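As structure tokens, here come the structures.
Paired with subunit B in one complex and with subunit C in the other, subunit A is shared by the two complexes that follow.
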Partner chain A sequence: MFIARKKAIRYVMAIFIIFSLNFAIPRAMPGDPVMNLLGEDVIVSESSVAEMRTKMGLDEPLYIQYLKYWSDIFHLDLGYSYHLHSEVSKVLFTKMKWTLLLVVPTIILGAVIGTPLGALAGWRRKDSNEKIMTMSFLFVYCTPPYFLSILFIYLFSFKIGWFPLKGFYTTGTPGDIVYHLFLPVTVMTLFAASRNYMIMRGSVIQEMQMLYATYARAKGLFGREILFRHIFKNASLPIITLVALDFGFIFSGALFVEIVFSMNGMGNLIYDAILARDYPVLQGSFLLITVMVVLANLLADILYGLLDPRVRWQG
Partner chain B sequence: MKNIWSVWIFLLFLLSLILSTGALGADDADGMTLRIGTPNLVKSPSLVGDYYMGIFAHLSNPPLMRVAEDGTLEGQTAEMYEVSDDGKTWKFYIDDDLYWSDGTKVTPDDVKFTIEYYTANSVIGWLEDLLEEVSVTDDNAVVIELSEPYATLNQEFVTYNILPKHVWEDIDDPKEYTNKGEYVGCGPFYIKGTALEAGVLYFEKNPHWKGTQPNIDSVEVHMYSNMDVLSIALKRGDVDAYYKYGRGYPYANVRALEEDTFDFVVTDYTGLTFLGMNIRKEPLSDVSFREAISYAVDYDEIERIVALGYGGAANRGFVPRSMAYFKETEQLEYDSSNAKENLDDAGYVDSDGDGLREDLNGDDMELVLLIRSDDMDYQRIAELLKEYLGNVGIDVEIRMVERSTWFDLKDEYNYDMTVTGTTPWGMWMWANWGTGYFDSRRTGRGVLHTIDDPEFHALCDDIMSTTDEGQLEEYAHDVQDYYAENLPGIALYWGQYVTPYNDDWTGWSSDPIFGIYRLDTFLNVVKA
Partner chain C sequence: MKGAVCSRMGEIQRGASSLSKLGAALFMLFIIMAVFSGQIAPYDPWARFEPYSPPSREHILGTNDMGNDILSELICGSRVSIVVGFGAAIMAALIGVVIGLLAGYFRGPVDEIFMGATDVFLMIPTIPLIIILAAFMRPSFWILALIMGFLWWTTMARVVRSRALQIREMNFVESARSLGFSDFHIIFSDIFPNVYNVVLPKFMLTIASAMIAEASLSFLGLGDPSMKSWGMMINFAFSRGGFLNGYWWWYLPPGLCITFVTIQAP
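This part shows the complex of A and B:
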């Protein structure tokens, strides 16, 4: 009970500090949100700029803005974006829907494909087939996401002509959406899978050296049984952390793919908000990511406890 | 082994299912559609509040005036206009044959409403102090009375889209109003919808359009956030033409399209890339120093490397040939010996023999060349400039920052030189001929506002207060002479607007401000 209370306090403190940083970091960046509202070839008087600044609440002293920021959070009000002409909560909700469609399959497929293949590669690391597979995953792992996305578009959309070049949909039917998502999801899955593969492979190699693996063989278990009944569970602990973090950054992790495939998701939203110094959108997005990361960590803590009795016993 | 085959068969089945359902969805377009591909991204479906949506809406809600192919002004929603000698009273005669897409007739009341509505809601904020009255007359005209002369009002009305009063009068703040569906328009096409997740802006033919009937039924503006993919889309035939406001197709990508079935609209570009000088700070405040810099730059090489032959060396008068009342000032010349002599004569010498010149106080001098990271051309030019200035003994530090930081630093005058550009419209704004970029009395995102000189301010005021064409020409020449003499900015080259289109289509036209995105294009294009 004491430990649970200690953890709860830790999470609350983390949320408080991160929320405060969410307020401070956008304002610490050079650049004026008001100027960013204007077009490049627009000239205005100083009085118009001052009027816009007042309208956006940026003329108030910082501590007033900070207090208002907390007050808005407690009222579940994420503010208004003058760049996007909409309430931030509405913008986030719209973008989140699409980003979830892009990222959730990626995380699941990346874990489902990368983890067992990585475990097998670690277990049979001297096998030539596994060596080729490891090299292939290493190649993907080292390739810049932008390059791989462009390469896939060039090959599968331009040369072979199988897939569309942009957007989440053309007509909006479920089949059409899946058709548009197939290529970006494939690219992102390859990245997620290759990372999980490399981590799992290393983790299995490490676990194989432990005495319990030798004991399992001594008691007469076959290779794959040792791997999947004993080693896999212990070796997958780092993967849990990674997948939890993936869920934490679910709304921001697809920027390159969103840019290449011209998808209006959360990645592009945050990127544009940074360029435009759109404080409310930045604050709202970071707040959402913070909550997701904290929840994901909490979930990882619980899963760790379930998988590893040592964590459970130590609390 | 059997299992592996089952998995492969299942995956192939899944892929074919996806491809077939996707292909079914993609093939349902009706009638003839012109598809324009653009990197100009609409961020929110706000006709008044979104910068690029406002530009694309020139097709659906045409402004009062427009730019002709030769760069002169002519009427659009207003058939013609008159202006009083004192430049305070403007009368715009509205085209009597215009109808909104919902069947209502376009009246001068719509125009009056639009001007008053925009002024009250800070869309035309600068008009607030000037506007005395807007009235409607029996001869289908709108009269605008100003408290002070504003000789370029007709020019300003090239950009403001006309709105239907009966639709917008109930909307409190036009800038914050968004709508993913239809916007009532009076152009040959109206906005049918905006699908930001699909990256498309849809226009349908206005059923009540009485003018020349277009040969196409609809227009789609497809937005791409990646230029490489947009080039692929052009080659694949997903889009029929390219459009980017204020910039043509990247010169480096043109050759790849030349081998394919593409033709190009090439127009002299009114915007330009220039070296802006911070004339408020030493040593750039010294005109002799600026003069020396102008001789140190190899303009031909910059034009060759950056514009790839689509341009030419500029004049000292800054303003490009495509603008009205262009004056042939002296051409900018590369002469590093002359640059060195000028620097020696002005007292910027290398007294410690380290190969770099010192300032007038004898201190080491390192000039900050500020550039934005979002433009590769600026980065290439900055590297070349560093080399050219190094050749004459001037040490340069290239400071590359992202867009917002650039706005901040240039507004704080925290730089020595900057490589930046003007848009075509930007060259027209304020008192025309690029004055909006230099006049210190105005601010804005892309403008340098460096000139405090009362002579320059008076010149701008004179331009804005005369409607006499002869007088205007004289002032325009004075502005170009001022630039040539004082060099607040050096045009690095005058470029061309290159717009590729699929050669199945004919009938394109282009103007120096908005390129191919003009009514004539949409009324005349036809697919062979």
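This part shows the complex of A and C:
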């Protein structure tokens, strides 16, 4: 129970600190907070600036603004985008669905593909096939995902013409969406898999030196059996936490991949918001991503507790 | 969970020992390139020639839409990447080592507080936060490096802490304590020199992450407009048609540079 409570406190703290940071940024930055909160390109006259200032409560003391900020968040009110002429929360939720369509399969496939391959690579470290694979994954690991997307889109869509050049769909049928998603999901999966691969490989190399692995060998088990029955279970436990911690990273990567593939999700929303200086959208996106990252970590903790008896009995 | 992240770096480090020498050599090459970029670059990266020209004898990697020599841009761009990489890593190492040492040495409540803070920081989605800060401040690449360092000390603190926990139990620390040396003295002259081997790989990994992050930010157009960086080159090649027209000499070299300079880290 103690560990669970300590974790819960940390999650609440994380949310609290990040949200407070989000409150502070537009007010601490140089320039008029009205501009910082509305976006710079919104053309407003002198009198409407004053009017907006009163309307947004920016002339009130900071602590009242802060309380109002939290009350707005609990009402899911993330402000109004004057560029998109819509409420930020509404825009975000529609775009986020598409981005999750890219991120969730990526994370699952990345874990499913990267983990066993990494385990095998760690097990047969000296094998030349594994060495080539490690090198290719290392190459992917070190390449920014958007650059990999550019290469893929150039090769497979532009030169060979197997896949569409842009977007999430043209007709909107499920098959069409899958067809559009295939290439970006492949790039992102390679990227996620390379991270899991590297970690799993190292994890297996470490576990191999443990006594139980030697005992399994002495007992007469074959190589693959030792790996998948004994070592894999222990070595893959850290992966769960790492996948969760990686969630934010993968999500950020997806934003860039989306931009390259001109997909109309959060990545392009953020990109347009940067170009238009649409600060409410930027801040709202940041909050939403934070909440998702924290939720992913929470999920990982629960999963970890279910899989690892030591944690289960303690917490 | 803690152990997992602590050992993560060591695991990745062991991942590619065969490549590490090649990676280190490449990395040194890039550092030399960055330091002497003014002497090595054949042209001024801002000088204008015939635009869109393919690789030739005068312009080994051709020119871009503005007629800038791409090889010169590439060589000068290395400076931005190296400065951001090292700046972020030095900042992260300073914070991470101090917090890790204090948490590992004092244990108890100090440890609880610092590691709690580390857990909280670890959950911040750093790239989106950096995007927001960059959008508001339009920082120079120096500031950018410091912001990254300030967000990325967490894993450094964790590895240093777990190492410090081990070392503080060793005999020589014990004897230093019984001789009456102060905590401060023990931490910085006995324990600190021994965490070097866990800090170095982490340091290199932070350099790599910062370089990739800088390239990504520049790709979004949030980089320092007064400097040419690799990410910015890819961004321009992508947004100004270099990619659709198949001008590989424009977008491929900066991308490969990013990959090869970061490949030393894991």
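Quick note on the criterion: the second predicted complex is superposed on the first by the 240 of 315 C-alpha atoms of A that agree within 3 Å, B and C clash if a C-alpha of one lies under 4 Å from a C-alpha of the other, contacts with A are read in each partner's own complex, and residues count from 1 in each chain.
Following the convention adopted for this analysis, a residue touches a chain if its C-beta (ideal position, glycine included) is under 8 Å from a C-beta of that chain, and two chains touch if they have at least 3 such contacts.
Note that the structure is a prediction, hence the values are computed from the model and not measured.
Novice: Does the superposition put A:Asn268 against subunit B (first), subunit C (second), both, or neither?
Specialist: Touch partner of A:Asn268: subunit B, not subunit C.
Novice: Which partner does A:Leu242 reach: the first (subunit B), the second (subunit C), both, or neither?
Specialist: second
Novice: Looking at the overlay, does A:Ile199 come into contact with subunit B only (first), subunit C only (second), both, or neither?
Specialist: After superposing on A, A:Ile199 lies in contact with subunit C but is clear of subunit B.
Novice: After lining up the shared chain so the two structures overlap, which partner does A:Tyr141 touch, if you call subunit B first and subunit C second: first, second, both or neither?
Specialist: It touches subunit C, and subunit B stays clear.
Novice: On the A-aligned overlay, A:Phe19 touches which partner chain: subunit B = first, subunit C = second, or both, or neither?
Specialist: neither
Novice: Between subunit B (first) and subunit C (second), which does A:Val293 come into contact with in this model arrangement: first, second, both, or neither?
Specialist: Once the two structures are laid over each other on A, A:Val293 reaches subunit C alone.
Novice: Applying the document's definition of touch, where does A:Val260 land relative to subunit B and subunit C: first, second, both, or neither?
Specialist: After superposition on chain A, A:Val260 lies in contact with both partners, subunit B and subunit C.
Novice: Determine, under the contact definition given at the top, whether A:Met29 touches first (subunit B), second (subunit C), both, or neither.
Specialist: After superposition on chain A, A:Met29 lies in contact with both partners, subunit B and subunit C.
Novice: For A:Phe158, is the partner it touches subunit B (first), subunit C (second), both, or none of the two (neither)?
Specialist: So A:Phe158 meets both subunit B and subunit C here.
Novice: Overlap of the subunit B and subunit C footprints on subunit A, residue-wise?
Specialist: Looking at subunit A, the two contact sets intersect at 29-30, 36, 150, 154, 158, 259-260, 275, 277.
Novice: How about subunit B: which of its residues touch subunit A in the complex?
Specialist: Touching subunit A: residues 15, 18-19, 21-26, 28, 43-44, 46, 49-51, 122, 125-126, 175-178, 195-200, 222-226, 228-229, 232-233, 235-236, 238, 246, 401-405, 407-409, 411, 422-423, 425-426, 429-430, 436, 442-447 of subunit B.
Novice: For subunit C, which residues count as touching subunit A in their complex?
Specialist: Contact set of subunit C toward subunit A: 1, 3-5, 7-8, 10-16, 18-19, 116, 119-120, 122-129, 131-133, 135-137, 208, 212, 215-216, 219-222, 231, 234, 238, 243-244, 246, 251, 255, 258-260, 262-263, 265-266.
Novice: State the interface residues of subunit A toward subunit C in the complex, per the touch definition above.
Specialist: 9-11, 13-14, 17-18, 21, 25-26, 29-30, 36, 131, 134-135, 138-139, 141-144, 146-147, 150-151, 154, 158, 198-199, 201-203, 205-206, 237-238, 241-242, 245, 248-249, 251-252, 255-256, 259-260, 270-271, 273-275, 277, 279, 282-283, 285-286, 289-290, 293-294, 297, 301, 304
Novice: Give the list of subunit A residues in touch with subunit B in this complex.
Specialist: My answer: residues 29-32, 35-36, 38-46, 48-49, 51-52, 82-86, 98, 150, 153-154, 157-158, 161-176, 178-180, 182, 258-264, 268, 272, 275-277.
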